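Here's a structure for you.
Chain IDs A, B, C and D follow the sequence of writing; residue 1 opens each chain.
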């Protein structure tokens, strides 16, 4: 598909560096965890999770995201999607654990909304650098109990999400959904693997995307060759065993970069 | 089993260059999904990040891309080839590019320690200034580069041709004169898409190359013409996603077919296509693919 | 109203050559269905029945045809032009072909008595030996023929270009040097389809030209390149079936668009496309089509 | 569409010069009056009406038809279709007149079958050069009363279908369907127009087809520019008023040929 011309109809400053952009186009078929390719014309095109059925939540990290976060109501973007595979849908009466780090809560929040609406039993662990950087806390609160950890202790527990996990019986959950910086996700993965419950966990991965549709191979994982853009971005913990996950990723030219 | 330029292919389907060929793991996956051989991403002398995104989009007919030859350079890529070679028993063909004959040889030699089964010379990428089709439109350059690489390596050399020339046969003949063991036809067709909402060309590089179903009829004609004029085998590529598509290229004159864009839906396209070819040959009581290579030329 | 080379088009959509252009009545119908101007079937010096059937088939992407320039010769066609001219108030452009400059002039003069509003020189048909692209791949021939016709007639001369060349800009510049008032881009792309059940090439002429959606991205790129290099207007053609398609060609640099294969479903494609362009210009607060001609070049 | 590979599974010699070929492919969506493009590989491609849902009936007239009529069971043809617009479907209790000349009964016979099955009231007038050249007489008999005319009187009335029409009250029919040589169809047309009932009549026309799909314009009628291959081949009598019908057609190069 060609990029769809999408107009920004509302923005919310979520944190000092992160804004949510609501569009006049709604991706009604999108599953939580699916992403779109967001084209800032004349700049670049980058992958972004749908944080609502009609919105993305963008953290400013470089060129393209700086351009995007500076946009206002009425501005437009070119959007291709929804792409990739989302999370496995939880069912009523299932027990769910969300583990989010920073803007990693973006793909999980719509799933939390879904969990709320079906009445699943939810616990969330949200980590952030500081209290300002917490995103979508209310959406997780609506769904169930929320534990917050911050690096500086400005909100919730001082420490990392993994600290919180160590205090919990992760084996009691039917599904564990994880998104955040890879180093954090990998720590969570190790924790869950130690308890042999990583098969119940799904991780939303980030890799450098070029085509975004599963052709070029830029985003392939070692050693399976699974494409993050097409076979992912959501993977089950078992798929990530003995993989590059947590160890390295690839730059735009294909060179390995340590995580 | 199909033999092309001395290489034993498990079946006549080959992973095309630049598709799922950036890592050894991805190529191994393609072999497991049925590819009879794999061609790597085109590798050059220096790391290259390629053009900015969007670098590939799907159109109503086919795809348009301008990756810009992103690659980690031969020095970093040699290990990826080694990984594939160790894991699979199908030929691994290294696609290489450079700005001149010397660079081509530098890359070929740089990858040599991983023992690629053949080299495919990319003189046909339509959107890489100073590389690819810039070279591949000039018969003299093609002949020179082919000969120089041919002399420097002791595995088969395939030359991949661009359709963006007045007569692809001129270029094919130049490759043959230079000692190419086979030609590969075709690379993508020069093309462009514009976003009507904004007026911006969609690709980061503004223009790029058309692939997929849109170009199959163009590939068929190029292969047909090359088959009539050359003595070396032709490897067909362009818009193959079903066994019927592949048989069309083979009947035009292709000894094997490469598949690129069609992996979009599933890597198992290799298995489906090669099984389909086999079924077809069986049904028509053909002994093998040789029976139908180029038969369109006899049907008058 | 759109002015191209001094002709007032009712709207920017033009019937492409060889489509519904064999009879005056058919062209009148296209005008009634909304065409802002019409180009006739390409007319030559002698009656020609064209290639044997199949002469056109629909593919999964686009169409392939090899009509072989069937036409009744200028002597018999002059009346058809007269019929259109009398019935409608849009420009009627006579597409003509010949084997050399003399034949082109013979045809142009032979049709002159019917007062066509312009001539379009077909130096681009990809499947007519000795005509069309055989001539249109050679800048010197294109320049010579353009100049000779230009000197012989006193209406605008458009030159229709083939994309089947290494660089279409070379040919466009040759036409401009020869005095062309506009270039038309593109004619069909050399292509072929083979029947996998039998091995026969499907077209009676074995190969032909690709048209329809498959070639639009190729047309966009050709138009974009020509716009950058030429001073005369470009008329875009290739794969237009919606207003979005036409806007894409216009943004690349086309001053008007021709529509061919898309009449397959309904001649009203002209009305739909031109209404769509108008709505788009309105919504974007543009005064007219001039505001968007070539704007892709400014979007950086 | 590309030509579909179609195998001949049965043939029937209808007359000395005409054979019906049944295929292993059935065009189930085809409406009576629609045609297919029949590709004899290496020879030519010509239009043929579907005389059954899975058959064509071919009269030998030239190169391609000679090649086709010489084919046998097991041989194959490439078929594109169904193409064009068929006849208006009659309804139960409507009174129908068929007027067929020679192989012109091919497009009408499936309509007669249809009329039989819905129980319409049918009268047919079948003309032929001689009794040997009569085709599908039983299919019309099944549907209702049949009048036969032959040029030499070897069957039925000696004379033309128009002679028979003059003896009939054509105004009593709701639909009149006509197919045959153009000169005969035109005579029928004049007859009906004189009685002002040509608006109830539909004629299946023949013109030289190149593309067969409505693009090239080879088959256009004067003065409407209607395409016989796409807007036809079936036309209502009103559409044919003051047209080239009965006067001239075009050769492959577009020159006029008198009828």
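Here, a contact is a pair of C-beta atoms (placed from the backbone, for glycine too) under 8 Å apart; a residue touches a chain by one contact, two chains touch by 3 or more.
Predicted model only: the values in this text are computed from it and were never measured.
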item	value
Starting at chain A, fewest touch steps before arriving at chain C	1
For chain B paired with chain C, centre-to-centre distance based on mean C-alpha positions, whole Å	33
Chain centre separation (chain A, chain B; CA means) in Å	36
Interchain centroid distance [CA atoms averaged], chain B/chain D, Å	51
Numbers and ranges of chain B residues touching at least 2 other chains	59, 193, 198, 200, 299
Per-residue overlap in chain A, given as positions that touch at least 2 other chains	41-42
Topology of the chain contact graph, where touching chains are joined (line, ring, star, complete, other)	other
Pairs of chains satisfying the touch condition	A-B, A-C, B-C, B-D, C-D
Sites on chain B touched by chain A in the complex	18-30, 41, 47-50, 52-59, 63, 65, 67, 70-73, 76-77, 193, 195, 197-198, 200, 202, 204, 260-261, 263-265
Chain C residues touching chain A - in the complex, by the definition given at the top	299-300
Of chain D, residues touching chain C in the complex	1-3, 5, 37, 39, 41-42, 44-46, 76, 78, 80, 209-218, 220-227, 230, 250-255
Chain B-facing residues of chain C, complex	59-62, 64, 137, 164-166, 189-194, 196, 198-201, 207, 210, 212-218, 220-221, 224, 239, 244, 247-248, 251-252, 280, 292, 295-296, 298-299
Chain C contact footprint on chain A (complex, rising order)	41-42
